[in-house]
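Note that chain A is present in both complexes that follow, paired respectively with chain B and with chain C.
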Partner chain A sequence: MTSGFTIDAVRQLSASKNEPDWLLERRLHAWQIFEDLPMPTRQDEEWRRTDISKLRLNELTPFAPAGADVQSPLRLNGSNGGLLTQSNSVTVEQSLSDELAQQGVIFTDLDTAVREHPDLVRQYLSTEAIPAEAGKFQALNAALWSGGVFLYVPKGVEFEMPVRALYGLTAPGSSLFTHTLVVLEAQARASYIEEYASEGIDRQTLNAGAVEVFLRQDAHLTYITLQEWMGKVIDISTQRALMDRNSTLDWLVVGMGEGLTKTNIESGLRGPGANAQMLGILWGYGHQQTDYHTVQDHMAPHTTSDLLYKSALTDEAKSVFSGRIRVDKGAQGTDAYQANRNILLSKKASAFPSPNLEIEANEVRCTHGATVGKVDQDQLFYLMSRGIPLDAATRIVVEGFYEDVLQREPVASIRDNLRELIARKLDAS
Partner chain B sequence: MALDQQTQLDQLGDYKFGFRMPENYAFKSRKGLDREIVEEISYMKGEPQWMRDFRLRSLRTFERRPMPNWGANLGDIDFQDIFYYIKPTQNQGKSWDDIPEDIKTTFDRLGIPEAERNFLAGVGAQYESEVVYHSLREDLAKQGVIFLDMDSGLREHPDIVKEYFGTVIPPNDNKLAALNSSVWSGGSFVYIPAGVHVEIPLQAYFRINAENAGQFERTLIIAEEGSYVHYVEGCTAPIYTTNSLHSAVVEIIVKRGARVRYTTIQNWSKNVYNLVTKRTSVYGEGTMEWVDGNLGSKVTMKYPSCYLLEPGAKGEVLSVAFASDGQHQDAGGKIVHAAPNTTGTISSKSISKGNGRTSYRGLVKIYPGMHGCKTHVNCDALLLDEESRSDTYPYMEIEEDDVAVTHEATVSKIGEDQLFYLMSRGVAEDEARAMIVRGFIEPIAKELPMEYAIELNRLIELEMEGSVG
Partner chain C sequence: MTDNNRELRIENLHVKVEGKEILKGIDLTVEPGKVHAIMGPNGSGKSTLAYTLMGHPGYEVTEGRAFLDGVDITEQSPNERAKEGLFLAFQYPHSIPGVTMANFLRTAVNAVSETPVSARDFRQQLREQMRLLKMNEDFAGRYVNEGFSGGEKKRAEILQMAMLQPKYAVLDETDSGLDIDALRIVADGVNAVLGPDLGVLVITHYQRLLNYIKPDFVHVLVNGKIVREGGPELALELEQTGYEQFEPAGAPA
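And now, the complex of A and B:
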């Protein structure tokens, strides 16, 4: 496929997959919105700290065939409850345990889901959670997504063993449009781990990803999303969960990549009693720039959310965190908390936290806090007084800094994998 | 007073200072803004060439700069529908007896002469666009303290003014600073010589009277090494039916070891756009304290700033905002650490009532290499009604590792338990609510001079009347 994005690329992609008319129409509608919206610039409040003027969309190919295998950043082996692997724009592997399949769980790539479960996909894809109208890159994703993940858990079905997906990227100069759609029906309970990793990306490559999550009444999702894009990957993604009455979301975002990352992470608490826990572990190194924009959107009364994002930064890494707690009119009884902690390990690292509150209901309790500083000197002094050299002591303190987030991660079996990943990243720098 | 006007006033409610004297102006320029108007202002004031050039340069900047779109809604402002200069009487009053009767009446109702009789150091009262009355206690003059309106300051101390004017806030800082720089009129010029401690607060009242009269006062305060001054600015304005604009620029220079406190209780009537740029350059071991109260206006956008330029400089911003129906208070503060070992504090308390909206917006910036800096930001908001809205937008730009920056904010309503406790002691509900609100702002009210703390409490009580729904 030639480089650059055109309406023909959209038609060609849809035709090559033999897609139904409604989906082609949805892609073309999204394409129109992409064309109509201006490219974001630093004049836009949301983009004021992230410069994407060097992004050359017309030099990227909108589709890339499968390439070599990419290793799981968490070093997860086996299929667990289910496994899906996508290489570049193509799904290369998918499996689901018999036990889950028998209960009606669907875990497949989105292309297959469009063929086999068209009504479900049609209801949820690019509609309420992330419509194409949400923005330029959201529209681009809705027009050009390929492969993707569809996880559907029927009413009342519960499973502990996580299903997992791995998005691998090995095609420099391409663009990837990952799209994950997760639907948990009422009283369903599931765990899902998603990893993004790349190898050999020596020139500008884009992922404009989307994650749409729907939790019906009393559903409970434990979700880990981990990104370790290596090389020259620019990631501009939106992840949004819509939560109905009394649903629960435990959401851990892990950022270990080295490229430019601009990610929107949003919980929309639209049913009374919904409860979101949002955790983040971010490690910044090299010339990396991350820009995480989180939203805790309280649309219904008696909803709770609790966010804790921690980032440690070294080298010349720059971390932007813009977190927003929104409480809509009528969302009385909201309880929202947000904390962003940053430690700077080098002179040239920088942090730009901006925790925002927008409150339109009065019976609420909303608190946020943000801190920036260097490694705790008392802890360092203590360790060094025990004969531990500065480097090792600093490392112990940084690992401890992340540890309280890890302790809150409900999938206990994954904590050791995360600790090993953190140790590997700290070793590397 | 014409009947239709009286009707309008009645409709607009019981604003405390909502009276109006008939207009009687010596000179009133036409509406709108262009090169000719700016030249006319400069000519009327008999200014030196450099100031005229400064105004014209600023006008070009104003025309070029975009309207700020990141804060409150400013869509209703029509810059061509405003009088940019009005001179109330031909000559500046030398003593109270020289002041025209109608202006005196207005001042009487604001309580100025009374305050002066008691313990005021000096009064620079801005009636429309020029200071008409000014007094300075003799002992201050003996100490070398200069307290003039800005126009007289420019005439009598051109060298000092030229050295500092527009250096803390250059005209291209933002669109409204550029507007003020091109059409400024009035405001205060304060110079405190090295080592002089001014024991009593210097006060000035600023007022808008004519309909659509833009108020563009310009204040410059220079505190030489080791000096101290507390400057108090208060604003009230009569009610009018079309939108008025107030856009001031306040520049303060705090030299080594000096300390300046600047207190404002802003109570513009609820049709005024209050868009103000206030900034201080603080040098070694100097201290700047902004005490900023925002109660009036339709829309306020004001973020008093401290630029900490040498080691040991300290900056503090205390901000109180109260927004009731139809108001948006977008206020906060900025601390910019441009030297190592500097410290800052921002404390904000905001209260939203009815459909009022308060927004805290602030910045903490630490440049690379500025080690040992500490800043703490604390914002608390109280929401009184279901339709009230409160936002918090703190920005932090930290480019140095050896620092400690903390921010915390809480939004809540009046605690039922507090209310229950007070009412169980026999306090009526509305009084109990008012008491809780007063307690909420107490940490800032106690920093005010006594008569201002009383006024703040009275204004809040007034706002709280009938708040039990």
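And now, the complex of A and C:
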């Protein structure tokens, strides 16, 4: 594999996987777009508060072979309904329970899916949800993705036991292009947990990831995505769900990593009655910078979205949250809620929430609120007056701060694991 | 440590809040097994004394000291004071969203005791104390003071006192906002904890509470100074005469 980002690297990657022509074409098309688009700068509205001028793409390798195992941040053990593990650019493990396989569920890496289910992949991959045209890094992902996850649930198939995937990173100086594609056919119901994790990475490393989700009529997906990149990892990712009539998406984003993160998270409610719940639990520490751009995109009437993102920040962590609610002219009867709550535990931590409403319909219920506050000194005094030392008191307040998200139904299956992870992170700082 | 040291002793305490002197030289000693009442009009500095004793960072001690069983606690953090055996029942308890009473209490009990308490023993104690205070079982699972009624908050304070078993307890207007039934329950709770080892400082505006919690001594605090001291009969006298006699003309009562 050549190092450096060239069109030859794209061709070689595709050739090494024996990919069909349509996919090579798609990769080359994406590469062209990547080359044509300028690198974003802080002059671009979307990148106003996040500086990636230090990203040295030409010093990174676009592919990395498998490395050592990486632990699941949630300490999830066993394969559950199915398990897929990717190490750097390579899928190293995959399984699916017989029960799900017999019902026609597909859970495999995208490379395999391209070979075994080409029509499905061709229909959905880098098309409607995240076309290469979406932006510089989206194009880069579409050109260079490797490994990846494909979850397909046939019409009417329902399962409770989550399937899960772990993207592990162990190669400093490399770049990953994780790509998850989830398709739930009509009336399907599924639960999927995805973790991104690394040990401390001592050199600049990139993940330009993509998650594409398609929910057909009446489908219901519970999707938990957690990132804990440790070390000098820059993550620039886009996650977008397209939701048909009366479909439901319960979506939890957990951010525990310490590097620079710029994530676009979009619910595209394009079918009447679609309903998205978007939750976020974010912990900022060290020199971490996170920049979350969420979009609640109401394209059809009687759609509902409810977003609650909570972020606690210490040290010199900086959090940007830009929450957009779009309501099309035709999307009458829309309900859209958005709340972003931040607490700052140190003087140098900072949070910059900005709600952003574009509402063209007139029968709409929409509320939004963003707050940034310090830890309440009276609460700390109260706890300390009961013998609890300052650090433990602070921890109790922060754990309590996250609790209303933890109490939401979609979190139930991993609630205790997540509590432990939060406690571990708070202990470590 | 000698027996003479077994007391909560406040010596010549001067306290400033936001640059303004609020307490102007308080001397007070509370012995184990005794109940002292501090009475005084609104704004006289009662809560300031309570917060200062507990070590609130906003209250600056400019002169004087406080000792708990011979240990100088004047510079200690609030949690160190709690560990020494001091407890404050807040006039306005703070709520901690997302933190259950049970979790909070368990953390607190483990923080003040030398050896960790087993989950089983803790649950048993908690259930027993809640029963004494006529608290609903679901109380333990509710978030600390979140959405509590006035009476529930006060009962929760007494529950904490019962669980933490302090040597000295300061009760800051634990009677305020309680109807007569709630007052009786709270007073019963306090009396259940009272014994030869606990010294109590009851802060109150009215003498009503003192019908239920019998003081051994009464101190009258006006404008940051103790202006009179006496036995339980002083509380009854004040009920008749009010605090006006102690205040300079024109000052707010």
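We adopt the following convention: the second predicted complex is superposed on the first by the 423 of 429 C-alpha atoms of A that agree within 3 Å, B and C clash if a C-alpha of one lies under 4 Å from a C-alpha of the other, contacts with A are read in each partner's own complex, and residues count from 1 in each chain.
Assume a contact is a pair of C-beta atoms (placed from the backbone, for glycine too) under 8 Å apart; a residue touches a chain by one contact, two chains touch by 3 or more.
The shown structure was predicted, so the numbers you read here are calculated from the model rather than taken from an experiment.
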The answer to whether chain B or chain C touches more of chain A is B
Inquiry  = Taking the superposition on A as described, I'd like to know which of chain B and chain C A:Y382 touches: first, second, both or neither.
reply    = second
Inquiry  = Applying the document's definition of touch, where does A:K374 land relative to chain B and chain C: first, second, both, or neither?
reply    = first
One more residue to check, A:W22. First (chain B), second (chain C), both or neither? neither
Contacts of chain A common to chain B and chain C in the A-superposed view none
Residue set of chain A touching chain C in the complex reads 376-379, 381-390, 392-393, 396-397, 399-404
The chain B residues in contact with chain A across the complex are 70, 368-369, 381, 383-413
Chain C residues touching chain A in their complex are 54-58, 77-79, 81-83, 87-88, 90, 93-99, 103-104, 107-108, 111-112, 143, 160, 164
Per the touch rule, the chain A residues reaching chain B in their complex are 45, 329-330, 332, 342, 344-374
